[in-house]
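Take a look at the following structure, please.
Letters A, B, C and D mark the chains as written, and numbering starts fresh at 1 in each.
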């Protein structure tokens, strides 16, 4: 059911991720790309923390947002791009170590896709859960215009 | 109705914000602190962008999350700290310039506070809107334990 | 800025609301219709309550959802209809009396509209706040096909 | 991991559901109760529909909200009650037939529980997905005071 429209989806996503300077800034990397499921890994770094020394909730949101986005993008045509419409995240536990965000497509519609991400710590702790809506932009490039 | 429990709330928030290394990483600063309303400003920087050259949606979430959190924290007692329970953000327009996130308390409850943030671009464009839930932790320090 | 595309928007919304059998079931009525802002009133009834005797949170969601939807619909062309993409609601206080949900458009886009609703009790208490995303369906009828 | 604190959780939930007059109004019934997972079934009825003849999105929210709530409540002590803090729902497809909402606990914390619900139509179509936050009220009765 989650068949990619573009057989080269993985290369397309790796190239797109490579253009995300914000991901480089926080040290996140793309650890897995499959049709409808993408994983992003974030090593713990002191400069990612909030006032209590935990990974900032907004940074947890950044990797979950990006994992959902690329999970959705993996099923879209090669000549499309996408925008995040909205997301909602529950922080379940403080981020005290390296984190992995796994995004998965819940429903891929013609215009809108709904995705979900689960963020886990290295020790298996469930750190956050996200529900997200994305919109496909047909025939628009996925790079600066 | 939004009377701060701690007369020194502004100094407490400025000190807490100063411990947020993630805010320093992205170059965000605290531009206004009032009872129940806090503003954070983020100059545009190339290394904050996603693949299309716009400010990453997760970074927009970071400043809105932080603005809501400190708006809530401004009304809490001096010996408390707080955690983000969850937030939901709609991205309304691409972030192509400096951004300001204004967080405001909607309802300050005994345990839970609901806050909202609006993010605007320098040219007045409405970039994002957030609704957030926070939980007060009575008698716990707002710094690394 | 919130100019209606259809001068007969108010009559169109009243007719659409009249087809909502679920609104009749719970006894809700359309108390105000303006461009980008719609109000729905719900008298308290014992058969709308949950196990503690308060108005069911889902019913609070129903009137807020409908108020947001018609606020968005008021700005859309006469030959369109719309679907709710998603909504997020915080319950701020128990519903123990008649309720009014006021929906307002935050951003009316070409395809997507973001709206918000505030639900108040008769005594002025703030009972709930909602943030919602809607999608316009151009050239589709707003009645059973 | 989801061991119920109260061995009589199922009877407690059935009694609480029986006090929900709003569930009787819409014709919903409790079709399954297990530790951390509760299912609610809603037969299609004409008086539950919106202007296009589909089950009202707010009514889909009602059964998903209730399924999440009782999934959370199944793991709580006998002398507690709970309140819905907030929920977020994506409508994935129109509700054109009987619906089943399955609520499951994602994380049961000391004060807050995060749950999720999936709503399916009789033909297997995925109709909605919800993410919810609930708060336990220790030592408070789950009935009108």
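Convention: contacts are C-beta pairs under 8 Å (C-beta built on N, C-alpha and C of every residue); 3 or more make two chains touch, one makes a residue touch a chain.
Keep in mind it's a predicted model, so treat the numbers as computed, not measured.
The equivalent interface to C-D, defined as the listed pair sharing over half of its contact pairs by residue number with it, is A-B out of B-D, A-D or A-B.
Counting C-beta pairs in contact across A-B and across A-C gives the higher total for A-B.
Using the average of C-alpha coordinates as each chain's centre, A ends up farthest from subunit C. As a whole-number value, the distance joining the C-alpha centres of subunit A and subunit C reads 32 Å. Centroids built from CA atoms put subunit C at 29 Å from subunit B.
Averaged C-alpha coordinates give centres for subunit A and subunit B that are 22 Å from one another. Shown for subunit C are the residues in touch with two or more other chains, namely 85-86, 88, 90, 114, 133.
Against subunit C, the residues of subunit A that register as touching in their complex are 85-86, 88, 111-112, 114, 133, 135. Residues 16-17, 19-26, 46-53, 55-59, 61-66, 81, 83-91, 94, 142-145 of subunit A touch subunit B in their complex. Of all residues in subunit A, only 88, 90, 92-93, 106-107, 109, 114, 116, 126, 129, 131, 133 touch subunit D in the complex they form.
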